[in-house]
Each structure stands twice: as C-alpha cells, then as structure tokens.
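Next come two complexes, and both contain chain A; in the first it sits with chain B, in the second with chain C.
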Partner chain A sequence: MASEPEKVVPPVEAPVAEPAPPPSTTRPTDYFAVADVVLRLLVFASALVSVVVMSTSKETEMLPNPRPAKFTQSPALIYFVAALSVAGFFSLITTLGSLYSLIKPGCCAKIISHFIVIDVLLLGIVASATGAAGSVTYVGLKGNTYVGWGKVCTMYGKFCRYLGASIGVSLFASVMLVLLVLLSVYSLSKKIPK
Partner chain B sequence: MKTLETSNGASGSNEGKNRCDEEMVKCRRYEMILRIMGLIFTLVAAIVAGSNKDTESVAISLADGLPPLHLTLTAKWSYMSSTVYFVAVNAVACAYAAISMAFIALTGGSRGRNWKGSILVVALDLTMVALLFSANGASASIGLIALNGNSHTQWHKVCYAFKRYCIQGGAALVISMFGSFFFFCIVFLFTYNLHGTTLNY
Partner chain C sequence: MASEPEKVVPPVEAPVAEPAPPPSTTRPTDYFAVADVVLRLLVFASALVSVVVMSTSKETEMLPNPRPAKFTQSPALIYFVAALSVAGFFSLITTLGSLYSLIKPGCCAKIISHFIVIDVLLLGIVASATGAAGSVTYVGLKGNTYVGWGKVCTMYGKFCRYLGASIGVSLFASVMLVLLVLLSVYSLSKKIPK
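Up next, the complex of A and B:
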C-alpha cells in the first residue's frame, strides 16, 4: 500500500463555464413545409373551382325548339370534369399528408418523394385535360372553315365564358403543380446528408 | 476518405459515396437512353404529323334527286390549330431533348447530391411533360370530333372521307404518347435518384 507520491488533481468532470448548446427543440419555421401545404391547397381549390364552374355551365337558347348547351355534349369536356375531379381528390389526400408532416416534423421524409411522383402524374392528367377542353373550346370560339365546323360561342355566350374561365383556372392549377414539384425537389435535396 | 472523381463535390461517408458512385454511372446511362428514346419518338411524331396532307374527291349530296356534287378537297395539318400545336410541341420537345443531352454530357451529368446544376433541367423536363400531355389531349379530342362528329353543335364527321389523313394523325398521336411517357420516366428517374441519396436520413 504505497502512498501516492504526488497528488494528482483529479480532472474536472463537468465542463466549466461552457454555455449549453442551443436546444434542438427550438426549430426555425420550416417555410418549405408551409409553402408546400399552401400550394397543395391552391391546387385543390382550383381543381374544385374548375369542376364546379364547368358543371354549372348550362345555357338554354330559345330557338324554335329550346336547345341546351351542356358540358355532357362533348366527350372532351366530360374528360375534363373527370380528370380534374381525380386531381382534386388526390391533391386533397396529399394536402392532408403534408399537413400531417408539418405538424409532426421529421416523421416522414420518405413521403416527399412519393408525393413528387403523384404530383407529376397529376400534372400530366391536368395538362391533358386542359389541352383537350381548350382545343374544343377554341374550335367552338373560332370555328373552322376548312372542315365546315361553325362557331358556337356567338349563340351561347355564357356557356363559352364559363368554359373559358374553367380552363383558365385549370391552367393555373397545372402551373401550381409544376411549382409544387420544384419545391418538393428542393426541400428533398436539402435533406441530403452532407 | 476516398475522393470522388465525379462532379459531385460533396463529402460524405465512405459507404454512401461508394453506393452513389457505382449507381451514378448506371443512372446516367439509363437517363441518356430515356432522353434518346424521347427525342426519337417526338421527332417521328412531329414528322408524321407534319407531313399529313390528303387530297380527296368528296361526294356531297345537295338534295334528293340531284346527282351528288364531287368536290376535290384537301386536308392538311396546318388547317387545324390543334394539329399545328401538336407539331410545334413535339418539335420543341425534340429540340429540348437534344439540348439537354448535350448539356448533361458537357457538365458531367449532375445528379443526386449536386442538385443545383440540375434544377433547371428538372424544371424544363416538367414543362416538357406538361406541354406534351396537353398536346396529346388536344390532338386526341379534335381527332375524336373528326371521327364521330358532334350532333349538338352541328359539327359533321370528316374521317369517313379522309381515311389516310385520320389514320396518319392517329399514328402520330400514339407515337407522341410514347414519347411523353419517356419524358415522364426521366423525371421519375431523377426522383428515384434523389430518394436513394436521402434514404440515410
């Protein structure tokens, strides 16, 4: 039992005068998640508006026999309503998903890439519906002398205005979808481990 | 730490880099193949739709009892605005596929971690997908009206007289649909890459 020849000062266990690191619970506002939810809500709202405006665009002209103009008379317009309803439904689902991911941050980072694929598919669907309805409305507006198709919009003014508004809003929805995919790609790439 | 030769420029763990490195060449090859296929299909669709011209002698019956009047009518792609839009969009998509292939070959194909260089390419890819799908929808709806007519708006069917014109237009539409599918696959491949690099998160 030898005594210690030198007194060794025991090392200080606890750090002295070192400020505690900032707690990780105070996270900054995740602007990308908020912008994500807002854009998805915009897409859902514009799809809903397009479907409602197109569905209520019925006009009846009192000719010798009353002839109504409805969206069900053209298969392209029926496809427009169906495609935008599907787009609205799926955008509602993804809105709820990204809202959940906003409330519980860091839970589902993998879900963003699934949302990107859904958004690109929705973009294709909405763009094709816009193109189809837009071409039919354009022929109805301007007519086509080579094929012998007459103008329709001179007689049914309200119908054509409703159609034009609906197509314009769906064009806005497709632009929002492009921005949404770019935003998702950007926020996903920020999560790449450095 | 193994230094990467590719243009990634980001440091990371060894395993992550190795996995990204060996998959990078595969992904780049797939992407080039997809772009080449997209270019070919949209080029063929633009050419087939742009050379669509048919001259037929159509019998128009004026009234009962009178012999039908034979008119020589021409159907051309430039007579209809939606087919003009279709040809224009396919030409733009073909040119974009060529330019983006040259851009990626020159800058080394930034994928995965080096996302900043490729965000412009992704944005333009998305707009090409949207444009191609809208052109397909427009051409399909006008083709359907030309095939069946629309009794409510007094638009008579046309395709019974111009069979070759309608068949050629339909073929161009199918080819363009394949081309737009390849453009969609390019975006999907990029997302798959991005998803693979963030899997460790």
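Up next, the complex of A and C:
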C-alpha cells in the first residue's frame, strides 16, 4: 500500500532573538547632546555675525565735510562688541567640548556639566549688551526731543541698518542662550531618579 | 594537676549599632531652600527699590522756564521700569512659593522645580533692562560729541543720581538672579546619584 505522502511539517522556526534595543537611557541623552551642540553652534555663529556686522558698520558722510560714523564713537557699542566677542569665544570653546563629548561619550561628563555656569554668565552679558546697544540705537533712530538729542539715522542710514541687524542677531543669541540653559536644566532633571 | 588558669577571653562586645545618621539628603536641601528664599527676597527687594527710585526721580528745573525731567521721557527708562516691575512681581510669587515649601517640605516640589524657568527668563529681562537704562544714562552723563548729544546731568543732577542708584540696584538684582539659577542647578545636580 502506497503510503500517503506525509505531510511535511514545516520546521518551526526557532524564535529569532530580536536584537536587544539599545538601553533607553542613552537615546534621550544623545538627543540632548545633539541639541546642545546645535544650540551652542547657533550662539557662536550669531555672536560672530553680530561682531562682524557691527565692526564693518563704518559709514562716511561727505557733506559738508567728511564725517565717519563708527561703533567706536559710542561706549555702549564698544561694550556690545566686547561682550559679543567674549560670548563668541566661550561658545566656540564649549561647542568643541560638547562635540568632543558627543563623539566620545563619557569622556568628560564632569567638565561638560559645568558649561551651564558659562551659559548663565554669557546670558547676562549678552542680554545687557543687547539692551545697551539697542537703547542707544533707538535714540539715534528716534532722537529725544526732551533733552535735545537729534536723530542720527537720517544722515547715517546704512550705519543704522548695520546696527539694527547686529542687535537683532544678538537678540537671537540671547534667546538661544536661554534655551541652552533650560535644556541643560531639563537634561539634569531627567537624570534624577523618581 | 592544677589546671592552668584559663586565659580569660574578654567577651567580644557585640558591635553596638551606631545611631543611623540622619539621611544626608535632607540637611543640604534645607540649606538650599533657605538660600533660595533669601536670594528671591533680595531680588524682590532690589526690584522694588529700583522701581520706586526710578519712579520718584522727577526733577523740575525752573530756569528759564519750568522743565521737568521724568523717566517717561525715555523709552529705555520706561522699559526699565516695566521690566523691573515684572521681575519684582514674579520674584514675590516665587518667594512665597519657596517659603511655603520650606515650611511644608515636599508639598509642591514639582512646582518649585519649575521656578528656574522663571528665573532664567527674569535674568534675561533684568540684564537687558539694566543695559538699556545704563547706556542712556551714560549718554546723559557724558554726552556724545560725535553726534552732538549734549550732557543732561549737568542740569538735572538729582535726577541722574536717582537713575544711577536705580540702575545700580538692578545690577545687584541681576547678580542675585545669576546666583539663584546657579543655586538651582547645583541643588539639582546634588540629587543625581553618582
């Protein structure tokens, strides 16, 4: 008797061990670190742009005799350039440090954790410089009839546009520094056990 | 045979369980909380003084005809008063919250932990207001010969002294806010297990 063809039982596949998901603690930390680097880069870039624009804002009016307008003619604008230069310098250093710790995790967590002190101080410096330069530029734009300060921007339009752009960029840098501090605080509070 | 006197083995004292030291986490937290309340009170007090001094800085010169000098004549000083009023209001609220959590520990730790967001924003606002008012007052004090802005403080000496005092106090408030943010960060980082 011809035996019935045996049903070929398909071999039960051994359950393939799924690749273990990476520990869930590393992933958010990486996002934080990437956001940290990006924010620091933005602060550096905006501080650099701000200083360059302010430094190149020279304009010379020829009538009736040549009178140049430069940022060095106002102490507030000199403070602005100094403060943004300091901010650019330190944000470059912290960007490099943050980037290095992103490439080699755990190399220098102790040092990185102290960057927030620099960020808070830079926030105070950049915000005050933005306020100082902004108020002087506003007086130059609108004048002040009570104390007889005339408008400057009617004569030096290009100079004032440079100032305005520079101050706008430094305002952006201040906002980025606020976000950077809050990101660091949030990242710290994530590490606290419930 | 007389047995040798056995050496009396001194009874091994059972190791007395030392009284467990109080959990070390509570004590520093209390110090932090006290420092937090004190710093917030200082911010509130200095913001209040700053606004009051600035608001009462009116001075009227009688020669040749009455011309009053008030802070409302400068947009930068108006921004200063608005910013310091906001800072005083929020620092009063956070002082009360912080004080309440000091009296009843653990009542509202979740809310208190978000005060740092307010502090960082207030730092940016107060620092920029200090810079804005400071630069306008500096122009009033020294003038600017390049653009023909005359000195104001030669005529309105008392007004300028009030402005200077108010700006100095708000600079103090900015420094207190920096310390407050750093204290919060330090207090957070203390809670992270090694």
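Criterion: the second predicted complex is superposed on the first by the 161 of 194 C-alpha atoms of A that agree within 3 Å, B and C clash if a C-alpha of one lies under 4 Å from a C-alpha of the other, contacts with A are read in each partner's own complex, and residues count from 1 in each chain.
Here is the rule we use: contacts are C-beta pairs under 8 Å (C-beta built on N, C-alpha and C of every residue); 3 or more make two chains touch, one makes a residue touch a chain.
Every value quoted in this text rests on a predicted model; they were computed, and no experiment measured them.
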Which of chain B and chain C A:T56 touches, first, second, both or neither: neither
First (chain B), second (chain C), both or neither touched by A:L123: both
Touched partner set for A:G150, first chain B, second chain C, both or neither: both
First, second, both or neither for A:A109, with chain B first and chain C second: first
Partner chain(s) touched by A:V178 [first = chain B, second = chain C, both, neither]: both
Residues of chain A contacting chain B in one complex and chain C in the other: 69, 73-76, 79, 113, 116-117, 120-121, 123-125, 127-136, 138-140, 142, 144, 146-150, 152, 174, 178, 181-182, 185, 188-189, 191-193
Touching residues (chain side chain A, partner chain B) in the complex: 67, 69, 73-76, 79, 109-110, 113, 116-117, 120-121, 123-125, 127-136, 138-140, 142, 144, 146-150, 152, 174, 178, 181-182, 185-186, 188-189, 191-194
Residues of chain B that touch chain A when the two form their complex: 10-13, 16, 75, 79-82, 85, 112-113, 115, 119, 122-123, 126-127, 129-131, 133-142, 144-146, 150, 152-156, 158, 180, 184, 187-188, 190-192, 194-195, 197-201
Chain C residues touching chain A - in the complex, by the definition given at the top: 69, 73-76, 79, 113, 116-117, 120-121, 123-125, 127-136, 138-140, 142, 144, 146-150, 152, 174, 177-178, 181-182, 184-185, 188-189, 191-193
